[in-house]
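We just call them A, B, C and D in the order they show up, numbering each chain from 1.
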Amino acid sequence: MADAHAAGQTILVVGGGISGLTTAIEAAETGYDVLLVEKAPHLGGRVAQHNKYFPKLCSPVCGLEINFQRIKGNPRIRYLTLAEVEEIRGSEGQYTVRIRKHPRFVTEACTGCGECAAACSVTVPDPFNFGMNQVKAIRNNHAMAFPSWYYMDPEYAKSDEAKKVAKSCPVGAIQPDMQASVIEEQVASIVWATGWKPYDAEKILPYGFGQYPNVTTNMRFERLASVYGPTAGKIVRPSDGKEAKNVAFIQCAGSRDHNYLPFCSRVCCLASMKQAAYVRDQYPDSKVTIFYIDLRAMDRYEAFLQKTRADANISWIKSKPARIEEDAQGNPVVIGENTLTGERYAMPFDLVVLATGMEPHSAVDAKVPANDATSDDYGFVTGGVLAAGCAAAPTDVASSVQSATAMAMKAIHAAVKKG
Amino acid sequence: MKEYTFFPGCSSEHNASAANMENSVQAMCRLLGIKLNEIDDWNCCSASIGYAGGGQLPRMALSARNFALAQKQKGNADLVATCAACWLAMRETNERIETDDDIKKNINTALAEAGLSYDGHIKTRHMVEVLIEDFGWDALKAKVTKPLKGLKVAGYVGCQTNRPFGVCGDSYENPTYLDQMIEATGATAVPFPMKVACCGGALMFSEPDKSCVLTKQILQSAVDNGADVIVTPCPVCQLNLEVYQGKINTTLNTNFNIPILYYSQLFVLSWGGSWQDAALHQQVIPAEPLRRFA
Amino acid sequence: MAYDLTFAKDVYKKSEMGHWIKMCMQCGVCAGSCPLRAHWQHSPRQLFQMVRAGKRDEVLKSSDMWMCTSCYNCIVRCPRNLPITHIIHGLARYAETEKMTDPMQPTRRFAVEVFWKNITATGRVGEAMLTMRLYFQDGIGSGIQKALEMKDSALGMLKTRRLNPIPFRGKIKGYDGFAKMLAKAAELESKLENKE
Amino acid sequence: MEKKIGCYICTGCGLGEALDLKALKAIATKEQKIPVVKDHALLCGAEGVGLIQKDLTDGVVNSVIIAACSHREKSAEFRFDIDLLERVDLRDKCLWLLDVKEGDETAEEDRQMMAEDYLRLGCVKMKKMNVPDPFLHSDGSKDVLVVGGGLAGLTAARDVAKAGYNAVLVEKSALLGGKLNDMLKVTPDNKPPYRDVAENFIGALVSEVEGDNRIKIFKNSVVTKTVGQPGQFDITIKNDTVSKELRVGSIVVTTGFTLYDPTKLPGSLGYGSSPDVVTSAEFERMAKAGQIVRKSDGQPAKRVAFALCAGQRDPAHLDYCSGACCIYSMKQAMYVIDQYGQDASTYLIYQEIRTPGQMEDFYRAAQDKGAVFIKGDVTQVGSNNKGGVAVKVNDHLIRNQETLDVDLLVLATGMISTVDTQDPNVPSPVGSARDELPGSVLNLQYRQGPSLPQLGTSAFPDSHFICFPYETRRTGIYVAGPARRPMGIAATMTDASGAALKAIQAVEAVARGVAVHPRSGDLSFPSYRPEGCTQCKRCTEECPFGAINEDDKGNPLFNPARCRRCSTCMGACPQKIISFANYSVDMISAMLKEVEIPEEDEEKPRILVFACTNDAVPALDMMGRLRSPISPYIRIIPLRCMGSLSLVWIADAMSKGFDGVLLMGCRHGDDYQCHNVRGSALAEIRLSKVSETLQRLKLESNRVKMVEVNIMDADTLPGVISDFVEQIGNLNPNPYKGF
């Protein structure tokens, strides 16, 4: 029963993105103890990098803030950042997990005052903005980051300056010699919520990402459109900083393609419609072209498609472009066949955004470390542990939260069986 | 001394259009220590254009016969081809025979008529694969005695050494092996966006006007990028680019006069081979920019 | 011609790699990848949809398949792994065996009447003969004209010993077996092409 | 309980250097009469926390004011086992928001004044706060009612039971299983292998549920009445003969969907013109009966066409996508191919193929089996000489208009929720088919009506929130499956499990007397002074969650367990008689009155900012982190929600001498971000009446302004504030200063 809480009834949630947060909070607010393990320095995951959500064009931080408040107010939730689950033994009801805690080099005593960052002279490409700008080697990812404690790059921690910077901390929270540690926990159930990473667009050779500066990706574009991103929200071309007023979006860049990701990533169509709105809102005289195979605005998201369709400055071309070339002015030229007219086109744009798909972390760098773990051909988790959100299938945020809430239910079943 | 079974292909025959490739390849192999054991009494591979006249089985039977002879004469030693079309046709045939039992059965029924049989197991390789995989870049660079310093070369990979199989896992859209070869001889590989564009291939024979437009774009790009010469591994490309320059100049009013060479000719020359060894005397458009290295 | 799958099912069965046609999702990548895209009327994916719609005559009479230069761009880019080059070759061959191709289609003439005859006559390509046949297939007049157009090149080739002055070449040693083999292969092929 | 207040001032993070500690302590002790006042150089450190904990343990203090950083920081360190804790933010919203040059005495003085005011606000608030006494009842139920015994309902009931709770499952028909009973096979959805249709598993699920003694099942029954609140829902279940009353704690609605009426489709789709034009539901039943034949003459139906989006994505019919039809129709095409093999010809005529995620495999499988996909429209349907159906198709991909002769044309009609919904803002739901819906599924005895609020124009009782899809406007009631939104099988089961979790979470929350999202854990709830009530009904009308009923005299009847503690009722009440133990009109009035208003001649205006604690306050904190300075003349008072805004506060602020009032609420309108749905919208409406108040006071109406603030507005908010400060600066000082 929910009010009895024998030891070992804890629910382990792996991944602190929107799915993991949801599973953790919903289970805790139902009366269960939760251990939340996140690999990054802060909670929030992939959605924290998004500028806005479709279809409401609202900030993900709004919902994250509420969830963080719920975590702060709930003693049932323990969370670890910079931590990874290395090994899972046992089975549902009685798992033993080994967790490695990577050094943050900054303790929880940090007050977020920022003295250290001011004292730090070393900058690195900002991973939060996909390396599009430089940041200090000791920092937190953004002003709303939770937990708000700073963290230090391991490389920098080895430097002599790190030791000096440590002295600059008024509360002595910086420890450049901090070591990794390993802990073991007994848990009743495990929910894998490790989410997704953007598919590596450099692998999509015909589109020349990495070769042509003005070919970018949808996740980079999110940061480009964010006022807290590398360009303070100005939508410009990477090559020359020129305002990008003629922008193309190429759907299924890597998705629905046997050469890359054979499955459909589900959200990219809607994400591009959202990003089209970024462009149209910023430049009234802008033009947007969306190249697609099928427009996948499932169920009620259809309304968002119709809303986008109503904008005469957004044109739609049913076509998977064959390749991209670059003209003398550095404009990417998109080449292909319009399958509805049969015309062969070669259209230049200021900027081309590749709607790259979702690669599940569980397929690459967050495989479930259990002997009986199973996954499908694409690396989505199908068994051994419970899977929530994009660890189970490519889904939008609302569906991920539904999935995560459902997994809280399944996790509780295991805990109840144990109790 | 490394030995390989060798399939020269029709264009490499004496007095054939790719005689300059054949001669320079032979010289290159001598300098590098490669023994090529030519298949006795080989026949045409039918290339890709063979589809229409031959269809599936007759087309593949041609390559199958070469494999059968090779197996009989030289066992399962790797079979080296120098012509892109031959390499592709042979590889495709072998792949189908090894993966499709119906094809294997039918092909062997046909081969039996010639008293032959073949059930796969011979690896077909392109000469450039042998250079890169069996000798390696250091070995190729080490042989250079006359670096082709200052020579600006457009590396034209073309289609069939690149797609669908590709050389040494190199990229389809932007392969770099040829540029690396050029650089290995001490020459400079100029940027060349058209490096994998199609020259019109076999259509040059039937619809030269269509193909010449493609060829022209390739020549133009090379010239625009400041190339002194174009280098290719493919005899069809070499022929189209070199022999049709005159026609292109008259019909599309250009004035190209750019030598089209084989990678093997660059190696031979940079490895100290003579003008003759490199078969540079066999260029329809004289390889003047290379004179100073002779 | 109303929608019907008889033709499509025939192509799936008889045409080389034809069964792949049903897997096309009509994205259009093949069209954009084709170097001859300026010259055909229907892109590969259109041909595939036409096959599925049962448009037998339009597909088989079209010269589109004959535009293929075998550059293999479409194959490496197709998101559904269709061996498009081979499918197109297969359709061309299918049209040929169904006697639907325009006999004057230049590539068809070269491939069937010149090239294939040439290589099967001796076992190897006789380039000089090939070129002569190619030029003179429409009679002396246009032949001479075409030849003159390429005169300089031809002379250059002769000078550099890359063109054999004697157009006639001998057969390969094992020609008899070679011919028998081809005959058998052709026999099996036609069985394949007419299998029910 | 007698309140023993302790005030602890932190001098870390530069506060000690920037502020005059002695003066601050004097405010707390002398002016505010706080018995225990201490300071520490690092209050959040072990020593500082120990200092507070000791006073608590020794019983010297039982209520704590912490004057340090934002309440959003160090919550773990400052978590004590006490009822009343107040955070005064001297750092993020004072020190970090003011640009004070070294030695600029005026600026330093302004900063000190701001800090002192904030300390006063905190002290007054603490003095005004009472310990909430949670709403608990002895006769509550933790059972979960599940309405609808199809896939979603069975899943929800089973999951509730497996979690150790009792479920009451009410099914309208004679047997459980719903639509799946009619299905031959099911689509794989999110279970590999994604290529193959799966066996229909509904039988197993039904017996699992019927065999579970925690689940009480009522067949042939409907819910005719739902009275009460979470934990105390009294429902009436009626079958044809008897009515039965029972009490449950929370409710999951899984009544599923009906299909759009095919007779309403355009004639061009030919429904009714021939018996061989059928809907996918009709076709499924035929397949289940092993009868894939022409209805007209019983001949085998080997040639079958499927028209997708039969009414869907068409504003004249259903303006949404039905989500599952593409996959469902592929499954049915596979039936035909499996039955007739080489002789089968199947065509799917589509607008967009929608096979998201791994279901792309299923699309490929359908093609591999030989199904032909045509992007285009059906322009006309007639009969042909072969006794079949002649379908005119406009094929967009080869720009071709041809006839497609088939034995059967299957129309993939769309799903419509069976849940009765309502929205005051939307007159009539889309899709005329809804007129034929049976009565209300719950028949809620709520002041705001028997139905569930719908999402926009969609007529679905879906959530507006992307991050919180289970948050609806009826606490403790969760809709799942196609009743909530069109969805396929796997999505339905997932959704039902999620709703089941929310249902047991709700009963647990009620049992502990705490609120659910968004103010999870809040113990307070509204109460009122009956003698003051004028029966104006504003509270009962405005409550976004329909928590308040009316008694026969027209007085509000609060249902605390329905309440989400947004305090909209408090702001709505013109009599100011609704309050919470720890939040009231009087409390905010007292706070703002405590602010020191400099004399007119000092030329230091004062501007009051009411900021929504959900988005505006974090945005202000973010400004602090970014150190983007604002005017030292503003004073911020956080509100639970703009919905609690009482016009009295404006009047009080003006008579107190504030020169202007700026209100920061969440975005409202269609894409509203107010976590309480209507809070900021209602505040705006109330504000429209504020001009009267100002006229009465002979003050300019532009002294009060409301702005929408998004949580990420830290970049634009400083401008918004300085513009308002400037605008106020252009007015004469408030004449009421010093009264």
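Convention: a contact is a pair of C-beta atoms (placed from the backbone, for glycine too) under 8 Å apart; a residue touches a chain by one contact, two chains touch by 3 or more.
Remember, it's a predicted structure, so these values are computed and weren't measured experimentally.
Comparing the chain pairs A-C and A-B, the larger number of C-beta pairs in contact belongs to A-C. Computed centre separation for the pair subunit A/subunit B is 47 angstrom, with centres defined by C-alpha atoms. Computed centre separation for the pair subunit C/subunit D is 64 angstrom, with centres defined by C-alpha atoms. Chain geometry summary: the mean Cα position of subunit B and that of subunit D are 67 Å apart. Contact with two or more other chains is made by residues 25-26, 42, 45-46, 73, 76, 80 of subunit C. Each of residues 353, 397 in subunit D touches at least two other chains. Subunit A has residues 206, 256, 323, 339, 342 in contact with two or more other chains.
Chain pairs recorded as touching, per the definition above, are A-B, A-C, A-D, B-C, C-D.
By the touch rule above, subunit D contacts subunit A in their complex via residues 12-14, 42, 44-45, 69, 72-76, 79, 159, 162-165, 190-192, 194, 313, 315, 319-323, 352-361, 396-397, 399, 455-456, 458, 460, 462-463, 465-470, 485-487, 491, 493-498, 500-502, 504-505, 508-509, 516-518, 520-521, 614-615, 618, 622, 625-626, 667, 671, 673, 675, 710-712, 714-715.
The part of subunit C that touches subunit A in the complex is made up of residues 25-33, 37-38, 42-43, 45-46, 73, 76-81. By the touch criterion given at the top, residues 16, 35-36, 39, 66-67, 69-73, 75-76, 85, 89-90, 92-93, 96-97, 106-117, 119-120, 123-125, 127, 130, 134, 149-150, 152-153, 156-157, 159-165, 172-174, 177-178, 180-186, 188-189, 192-193 of subunit C touch subunit B in their complex. Chain contact summary for the complex, subunit D toward subunit C: residues 342, 345, 347, 353, 363-364, 367-368, 370, 372-375, 393, 395, 397-398, 400, 402-405.
The residues of subunit A lying in touch with subunit B in their complex are 205-206, 208, 211, 323, 325.
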